[in-house]
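Labels run A, B, C and D following the written order; every chain starts at residue 1.
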């Protein structure tokens, strides 16, 4: 059962002015457990009211309570113990360590510490047991928990039920990724109008490495990578939100199309069992429409936290191929990180 | 050497009012060998001046000589021996046979006869020897030659040098295909704005079947399919022209990255040797830019007849992966068909 | 005060499968007063379950209760007295009259009867007194009430407070209109990608005529058109929803910028006084951002029922110019019609 | 008659790496009179080969001769007498003056000196007589000639024949402007996807001021502004190239629709009489299509140097309204400036 905290837990957002930072602000505005106590950002913005420091991307209006809150510097003197990090990779590594060493619990969307051997790379539906790694961390009272790359999350959620039921040997994935994944200002309009760009810096490397850790086995404080090869090709397309992935899988054991669909449909994770506030009712929706899933139609399914899957068909080269869509800034960034924090709370780490 | 015809060869265009038909009209307007004598279309348009019968898609203006030409019915009484077919698959099968039986040479962009055992499925750079199949056709004095699907052409041109040099065992391809491939009016704007659609009817089936015939061996009047498996996933994206394909290949023999690039860079086909008017100087351009090729930047390379390739890298699951772009209505439709016709002329079939 | 109906009023939707019809279905799904009893459409769809008859445009999922409801023919034997018409102009004229003569109350979004002298052309915030015209209608027990064209509604709401306070002599308006205004399939993607189209059939005529009636004076059963000239230029742009209008006005009396802003900010209409369920809290929001309003950011303001105004500045040719945005399928179509129906209920016409 | 220069005139491009600078490089690559001797840019790029210093925007490939040319600093020691300035307004003012004082002829696309009383603001078809102003300039042997803002050029070309034939009292113009007008990286894709932006900084001010000078009378070394009021509202839309303008005019004298069309159709300017290389055959094309002109279809008309006009109709508020399209980076920037330079050559100012 879910233990609702007796009173709201104050939290901070590091990098609150960027596009992911703004998504944290939106999603935390009405959160039943958390309350934003601090909006922090890099030096230039510090001291300004949030509404002046930020180029608000919408689509909904800025939460009223935030507009006049003064932006603070990213220094570990914020009036809260839990901080969400939406910092750029260029600064996240050091700043997050500084906060962790000062006793803060850092739930980070940045790439810097994801592959550190003592840092959990967490998708709560997939590897909630990895959270125990924080007990072996080097940061004294503080800790760092990371969220995977936006394109990794949709993939590993789609793969997890298959890995459990049939085993996975190989994965080939080609992505069609949304513009918001590049932050703001991000992709110039002249580059993407009437065009697609078959390159996203460092993205293929992340998608090929992170799933191995997330799907790996945890024991005795460390993770053994899954024995699995992933090949990724990443493209940027003119879609605002929602990554679409064309996935081919080679399974270890035979399975029918119905077996795969059943595995996805019945899949539930720890967030569903614990009824965490940010958790979708179901992590995966299998859609029957012959041209589904599509980013614009399905990215917001179940609060933007579900992965939509469709078009499962046999593959002449691998065993099966299918299409998955997930919301890159909700499930794939801020929403996913908040779900991690909710798991932390429920598991007693914030007490 | 190239034998320039002593005088221009009169040709007709069947289905001249559709989007591919218009592209034929554009590309034939200033052709050194061919001269349009007939524009034919389905019953509704017949009898109208072309400029009234057509919703001209541009971008350049309608060739002056065509505007006032009267559209004729698709009946085999056109004043020419060579006809290009841009007919819809719904009617192309029968109409093309009727023309062939009446002694016409039909160069078709329609799918209907592509896999017929006595019909060449021709990409002149790749399998010009297959053209000899027409000598065994069932149509008396006439003949049918077909052009592959727009997404197949880019793929087989990219694969041919690799198949010759290293052998290919398996191919996995994911496409990001342009809107013009769906004809006109085609894809509604509300379906594709801020969206991609992971489904194109019958497209994956065509991409998986056609390359086997094109890359197959011809002898004694028939083609033995290539021993090769192709798996295709096809997506529609908001790009006007130019299909992008993310291709992974499993080779039969070991090869370095430089070997593959050399194979592409040195590749020339019969159209290049014969200096056919529509032939690109090189069938393939390997581009070094880290985010190349891109549809908007490279679709028009070498008259829209070249395939641009880039981003060759090793694959953790297959051997190699890379990206290819080709112009779907030029190289992949009208331009490719005209190149086939030029080969026919040069080989003496129109004498 | 608002009189909430004792029990839900059953309603029907004519033309329920089109894009505006779908918007009615979405907006009525959770309506506190109304309950859909019938979905009706043209012959082809009649008899099919709604989910099979409709190409659902989203973005949210089809309301569950509707999916399996059978579509009925547009005949006046529906189990309800109030029907919303989202019919095409090609059939709306006759069908709506047939329903009205059979005793139905028809709230129509179609153009056919808008300028009939005994039919109210209603924007509840602007001319709720015109509703009394129905008492002089020719339809026996039934009646027809119409909603203006989608581009007219935003304009007249913006003009009304100015007309009341300062008088308006002339209006020049240039629109940038959304794709959904053309219905579905509507505008082909190849026509609008990397393009705008400076023509929408019959649109300028509607925008120039309808405001004169809406802003006219009602007495003794008829409306005297406002003494005002409107000139409209209409453009289609690649935006999904939300019409933007660049408006210049010549006022009868002098007024400062602040006077205009005050007039807009303080404007309230009958729906606000009656607290109708579909009514926005405020009909008009004046936005301070130097580049506001924008369709994507502001179309959904206050349930999509408010008009956003910004960029008020003096004009060197007229007196003032400004920009307005309103949601064309909510405020400008289905939502506006539902608001009319709510006014009807509250005024006792459905008893 | 045209006097072709005996040998090519060497020229330089200041600000050669920006988007307008690149367009200069493209258009000068095969110019019959000019030859690029210097590519200059701000400090950061100086010393680098052009192909490394520039993010080439295409769509055609970088001219071969330019790729390896070293970028120079913007200092007046370039081996040429004529320089084109594509500098940003932030630096253009001082740099251009420095070059002029050092004896260079500067043809500038920057806004800084456009309204200086001794600097011609030149559209060669419209006010070629203004060029004589350079004889009264303050720069010793050098001179500065300016090109108007991209949105002004299309407007004044459309107005000039009307002003000459009928007189113009007032103009109201609403623009739908292309992305390339904002330079590169310019407008972020997240701002313009599924959106339009009704604000372009300083644009309305330029459009309201520049036409008065261009259409003004020149005598005795100075220009008297035209007695005319222009009101402009400027919008950014998701179009790559080509500004569309909705224009309403109040004429001084009565004229029929046919009178206006005749005035446009017969309009020729000094560049046409002199057959300057960059001059379009006709400055204005009146198009009959009911939805013409459109940016994608007509921006490239007559080398991108013509203005397309259509949809002339009577206006209920002004006298007439119509739509114009012109290519903002060709006619409206680099191409227009090159045409100015050709006029300079032909008038003997470069001897």
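General observations
As a working rule, contacts are C-beta pairs under 8 Å (C-beta built on N, C-alpha and C of every residue); 3 or more make two chains touch, one makes a residue touch a chain.
All values derive from a computational prediction rather than experimental measurement.
Pairs B-C and A-B differ in how many C-beta pairs touch across them, and the larger number is found at A-B. For chain C, the chain whose average C-alpha position is most distant is B. Chain B and chain C have centres, each the mean of its CA atoms, that are 48 Å apart. The centroid of the Cα atoms in chain B and the matching centroid in chain D are 41 Å apart.
With each centre defined as the average position of its C-alpha atoms, the distance from chain A to chain B rounds to 42 Å. Of all residues in chain B, those that touch two or more other chains are 193-194, 238, 240, 296-297.
Chain C meets chain B in the complex at residues 19, 57, 179-180, 184-194, 238, 240. Within the complex formed with chain B, the chain D residues making contact are 58-60, 193-194, 296-297, 300. Chain D contributes residues 170-172, 174, 176, 193-199, 208, 229-231, 233, 235, 237-240, 244, 246, 248, 250, 290-297, 310-311, 315-318, 321, 323 to its touches with chain C in the complex.
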